[in-house]
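First chain A sits with chain B, and in the next complex the same chain sits with chain C.
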Partner chain A sequence: MRAKISVFILIAVLFLASCSDQKIIERLGFTRLSAFDSVENSDDIRVTSNIPKADQKGRFILSSVARTSKEARITFSRENNRRIVSGQLRMVLFGDSLAGKGVWKHMDTFVRDSAISQKLFIAVVEGNAGALISKEYKPYPTTSDYLTRLVETNMDAGLIPKANLFTFTRDYMNDGVDPVAPLIKQDAKSVKMTGVALFQDDRYVGRIEQNKSIIFSFLHRKVTGADLSISLDDGEQIMLGNITSKRKLKVTGRSLDQMKLSVHVELHGSIQEYTGDLDLSEGANQMKLESLMSDSLKKTVTELVDMFQRKKVDPLGMGKLIRNRMGSYEEWKAIDQRKAVSEIEVEVEAVVRVKDYGLLQED
Partner chain B sequence: MSLFRKMLSAIIVTKPDHPNEQEDETIEINEPPSYEHTLQEFRNCMDFTERSFPSNSAKAVYLTTLAGNDELLRDIVGPFHATKDDELPAILGQAPYERITDSKVCIKDILSGKAVIFYQNEAYSVDIANSVGRSIVQSETETVIAGPHDGFVENLSQNLSVIRKRIRSTHLKIIRLQVGEITKTDVVVIYLEDIANKDYVDLLVERIQSVEVDSVFEANMLVQLIDDNPNSVFPQFMTTERPDSICSKILGGRIACFVDGSPTGISAPTSFFEFFSSPDDYYQRWHLGTALRLLRFFGFIITIGFTALYVSVTTFHYEMIPHTMLLNLTESRNKVPFPPLIEALLMEATIELLREAGARLPTKIGQTIGIVGGIVIGQAAVQAGFTSNILIIAVASSAIASFTIPSYIMSATLRLIRFGLIMMAGFLGNLGLLIGMGILMIHIAGVTNLGASYLTPLAPMNKKDWLDTFVRGPFAMLNKRPSEARSVNSTKQKKKK
Partner chain C sequence: MKEKLNYVHVAFLIYVTQSNVFLFSVPRIVAENFGSNGWIGFLICSAAGLFNIFLYSMVYKLAKGRSVFDIIEQSMPKALLYPVYLILAVFWIALGAFVGKQYVNVLQTVTFPTTPSMFIYIFYAYMLYLLLIKNIYVIGKIGILFFLSTIWMVVILVYFLPDWSFSNLTPFLFQSPSVPFSFDNWLEVYSGFIGYELAVFLFPYAQQDNKLFKGVYLGHLLVTAVYLSVILAAFGFYGLQYLQADQFPLVDMLAYVELSFINRIENLLLPFFLYKSLMTTVMYAWAALLMLKRMTRKFKPKVLEAVITLTSIGFASYPKLMRDTQVLVRQSIYVEIMLAFTFPLLLMMLLYWQKLRNGGRLHESKN
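After this line comes the complex of A and B, so read on.
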């Protein structure tokens, strides 16, 4: 008898308590892209969502002005016959004017909502982000696929830094490092990667131009399989392919005024194109070419680090290294951290090693 | 569970009330056999024959339906036909003729195919039984690609001879028991003395003796009468129709058991994982055997979980589906009027209908049913908006995966469990799926077989056994008999240096 009652209760619990948070797929609209733009003279934001249709041949664009993104989602659901959900969100774009004001309060929900993937891409758009995701780019079937693939391939190639929800949150929360995000721009018929957006805390304050962004990647993380085109002073072009990069940042010195940052960047690659006059089958010339390339790399790296210090941003985590050299956390808390990072003496060392010079043999 | 244990212990405790029948006979003193009594017992039996001889006063009685012509000629007609009375005692003193003093034995002998000769108030029996039955062919439910192609048949003595031929050892002991108050079916317990654990043998014999039913026709029927957990959905005794399989179990220190009239052998104690190994694993290179075994465990996961996962993901966890697939899925789900749970239950029920229809019909029609079901229903159901095409894939692959499990009974069990998991997934999503799996796990962990844990060698953990459970290790490394058998002599081969 007792067993019968408990079985009955179990079944009742199953039937009565469940089914409350059902999300049956054909009744849902999946947001793939979300764009956030600032609204003039207001604290509100314009939220635009791109929701692909089930037949993969079109999309809904929903746009609304709201205080937060979740509020906008409720507005969307009111006008759509499907429930709008964000579990399939792949990419979030911020217009540069909104990014300049700070993005964290709009990103809080992405971290809080367990349905949203940590691999969500984050990017800053030069101009209007909503317009960028509303447009269809003709040769590509859907805007959402186009944009996510574009970011993926560029990240793999090292052309833009790795920036997803996880890294962004980590760098934002971490003391002594600032987040970065790719910078993209709408063109007439396509979307272009135009560089790297530099953040100070959560505010977009500066950028790295597209031609230097790969060098930034070498500084920022370990890159494999990248290609780098180097122009030497006399107009010679060298294409270094299949690059494996190594980086090491180190702070030495005991007290803050003695501290010195050494940046060591090392590239290993193969020459795939060379338009200069040197005969590369000779060892001495090879050495010479390597040192030429190293000098060029050193110059760019120095420029970048100078720029970071000038703008008081810290995408490389220099602050973290200084913090680790300090006696205690209180000591680190007491100093002006931004000032410490921007005033530290920097020594750059760049090494380029060529693995092979290609099949061309001159005599 | 404890309820079953109580019932079980009740059976064992009450055992002395139902003592062994054979002991019974030795104690009981019956009347000596008499001709008249025998005729009385067999009245109205069309096949009961009494035969007298012109030159003497002996009378032979037997059942014609059980007697073989050659045997009759050799042992009855030949010796008695032209013999005078005074020569008879010499003949009856010879080996095949056995004097019987008990009327019960007399009746039983006749029933088991012997002829009884009455001569001067004394009875002698002689075996003239002719075994009727099919010849040894391969089992249709358990086939192997490489390996012996013989299988057990309905005739007990034929089965025993198959085993004797394989294990030529005097240690191979065969105990004969009887089950069935009316049918008096022979049941034999086979084990290797000094290898099998005597406790298990005693327990099994005790269990079989304590069975009190009117009839037992099949080994699969007997195991349900003697298992530890009668209300569990899992088969608790390994049953097989393959002699090589049974012989390897016996050599592993397990105990085998046969029921007369059934082509199925039982082995005990059994672990859950035994149902996933096939003799084929041992006839192929160990790499292949290992791969196949792992494949079957993968099939096990697929068969209980795939459709349930489909239901839980489409009902609750859209974020788990890759986007491109999600769009296809949404498109095909768009036309379906039912929620995923109903949709999945309908399709699973259809597949089960097809399988059952195929099993009940003759082989040739069965194939047609497969084609009709597979192609026509599958295609049409998707086009008619009855189900989504990904569900068809899920249902079909879990049905196929269930057939990779060598034991038909285990695969049927798993298919039944699948329905429960689908319901749990439909109500509570992945949470429900995990709760269902958890309940299943708890249940399996509680099941025992002759008191041995069903989950050996996982619980109790015995990593040495894993080499011959989850994978099929090279023969050089399989030095020990399975720990579950608690073998007295657990070393199988000398360790290679």
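After this line comes the complex of A and C, so read on.
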């Protein structure tokens, strides 16, 4: 009998748990997108939230000037008949003028709030972020779905770097590396990925143009299934598809003035489009193309790394590699780390390998 | 015939006693106290734990299966011992209660943020009571169940491999800890191992095959292995500075796992850790129960167990904020570490003295 009572109590606890800390969906407003913009001549920020209606047809847009995002949320709750919660927040966008001043102040709350997913997407908007999320984009049913899918597919394709709350926080907090985020822009009818935003600590200081951002992805992480279109010097076009990329960054030398960074990028892919005259069924011609493509890749990679060094940003974590080669940690702490990263000698090696050349066999 | 604990039971029992809420924060605690490559410092602490267990195994050999109570009471007056028993019992109930409350606090950062924490603790204490009224053999078997209910989560660590970076470990040893280096650092990291010392009360309950300490060693090594894999995963995944800033790295790591059909699984996984934490509370409460039973046999069955449960609720209700609980857990564990090291030395001295008095023969009494 006693055992039965115990079992009953334990099972009751299991089910009655839902009676505590209730969250009734009908009474909640799930913020899906949040945008932060700077306010002219003020330290305040304009916070805009996009809250889709439960039936997915339409959304509420709430906007308010506040000191912090949580303060804005409280204002939103005052004017809305639902309680605004952030558990479904999928993406946070920063207007470029605010991003230029530094974003960490506004991101602290996302890391602190356990309701918010660490895989929250972070992006920088060229122009006004609030306006971007307030607009509806036909024929996509909701702006939030449209934007999150857009980011997801572009990330999977390697067109933009992997950047979420976790990677951003990690690269911001740890020494020897800077965070990155995708850069997007509102068009008349759609939203476009326009490149990669480069940060120095938490300040947006530079960008990589769209045509180079895939090459940046090859440098930044391992990418599989990407497509890369290369124009050779004589105007010929090659499209390399199903690419798997490999990258290796290595620092050699023990003292700072002897240190050398070698950047090795390797792409394996199939030729899916080729407008030139070479007969690809011949191995020698494939090798010729490989070397042409490698040269082109090397050129872009060198340009990118040069730009990082010029702008004193470190999205590739070169600083970490320098740190790990230093004789002691004190030595690393004592040097001007940004200077070390921007002055290290860089050697780029790019290799492109053609796995196959498609189904077309030339005669 | 009374059932006896096999050494395999003991291994799991020691494992579930040692591992508790500490697991959520152990990577941060190691990062804060030791800095880069702190896992090496962690292993040194584990070795110190092994040495302490070795001391207990010496006591076990010398005691020849006698319970510690028999050993002590043979040479010391009860009037002197009983107050000590009482203090120890109360201390252990409190220690268990603080560990349990800490679990409730962590749980509330993710789920049930506004439910009164004592409301949750009362159910926790109810489970404590249900286990306490069973004998140690049943508790041992349940320990295995609890072990199985959480150990599979180690597999989840594989999920972090793609984001795991060797360069985050750095080649430096013990650099840039966030607190200045002192003896406290070692104590705080060592806290994670506490729990093995309760093996000293298992002497009469273990099978008479002298394998009791094989189980204790195994349990301790298992805890070390699980902690170490979590620490290494976190160091390479977070990087030092981020790790030092993250209150509960393991909770956040669980939150990072997203499967295509489900995400935010930390809400599902966190309750499983209840069992680990519960077993720590149960084992200390069980030790307290032994102490109390030694002092008086007047009470009806289950009365003392109920008293312990209520006392536990009382202690748990004292700290209101997470930081209060953290301080109490830390301080009581420091005391416990001190006890864990002095107790076997004391026992060995007693046994040696008894041997001298018996003209070189160990006292051969059966309990």
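As a working rule, the second predicted complex is superposed on the first by the 342 of 363 C-alpha atoms of A that agree within 3 Å, B and C clash if a C-alpha of one lies under 4 Å from a C-alpha of the other, contacts with A are read in each partner's own complex, and residues count from 1 in each chain.
What we mean here is this: contacts are C-beta pairs under 8 Å (C-beta built on N, C-alpha and C of every residue); 3 or more make two chains touch, one makes a residue touch a chain.
Being a predicted model, the structure only gives us computed values, none of them experimental.
Undergrad: Quick one: classify A:Q88 as touching chain B (first), chain C (second), both or neither.
TA: It touches chain B, and chain C stays clear.
Undergrad: Report for A:F30: first if it touches chain B alone, second if chain C alone, otherwise both or neither.
TA: In the superposed model, A:F30 contacts chain B only, not chain C.
Undergrad: Kindly classify A:D21 by the partners it touches after superposition: chain B alone (first), chain C alone (second), both, or neither?
TA: both
Undergrad: If we overlay the two complexes on their shared chain A, which of chain B and chain C does A:F166 touch? Say first, second, both or neither.
TA: Touch partner of A:F166: chain C, not chain B.
Undergrad: Which partner chains sit in contact with A:S117 here, chain B, chain C, both or neither? Use first/second/both/neither.
TA: Both partners.
Undergrad: Applying the touch criterion given at the start, work out whether A:L359 contacts chain B, chain C, both or neither, answering first, second, both or neither.
TA: neither
Undergrad: Considering only the touch criterion stated at the top, classify A:A284 as touching first (chain B), second (chain C), both, or neither.
TA: It touches nothing on chain B or chain C.
Undergrad: For A:D55, decide between first (touching chain B), second (touching chain C), both and neither.
TA: After superposition on chain A, A:D55 lies in contact with chain B alone.
Undergrad: Can you pull the chain A residues that chain B and chain C both touch?
TA: 21, 117
Undergrad: Quick check on the complex: what are the chain A residues that touch chain B?
TA: Result: residues 14-15, 18-19, 21-26, 28, 30, 32, 52, 54-56, 85, 87-88, 90, 115-117 of chain A touch chain B.
Undergrad: Residues of chain A touching chain C in their complex?
TA: 6, 9-10, 13, 17, 20-21, 114, 117-119, 166, 169-170, 173-175, 317, 320-321, 323-324, 328-329, 333
Undergrad: Flag every residue of chain C that touches chain A in the complex, lowest number first.
TA: Against chain A, the touching part of chain C is residues 36, 109-115, 119, 123, 126-127, 130, 167-168, 170-172, 175-176, 238-242, 245, 251-252, 255-256, 258, 263-264.
Undergrad: Touching chain A in the complex: which residues of chain B?
TA: Interface residues on chain B, with respect to chain A: 314-319, 321, 323-324, 326-327, 329-331, 333-334, 336, 339-340, 423-424, 427-428, 432.
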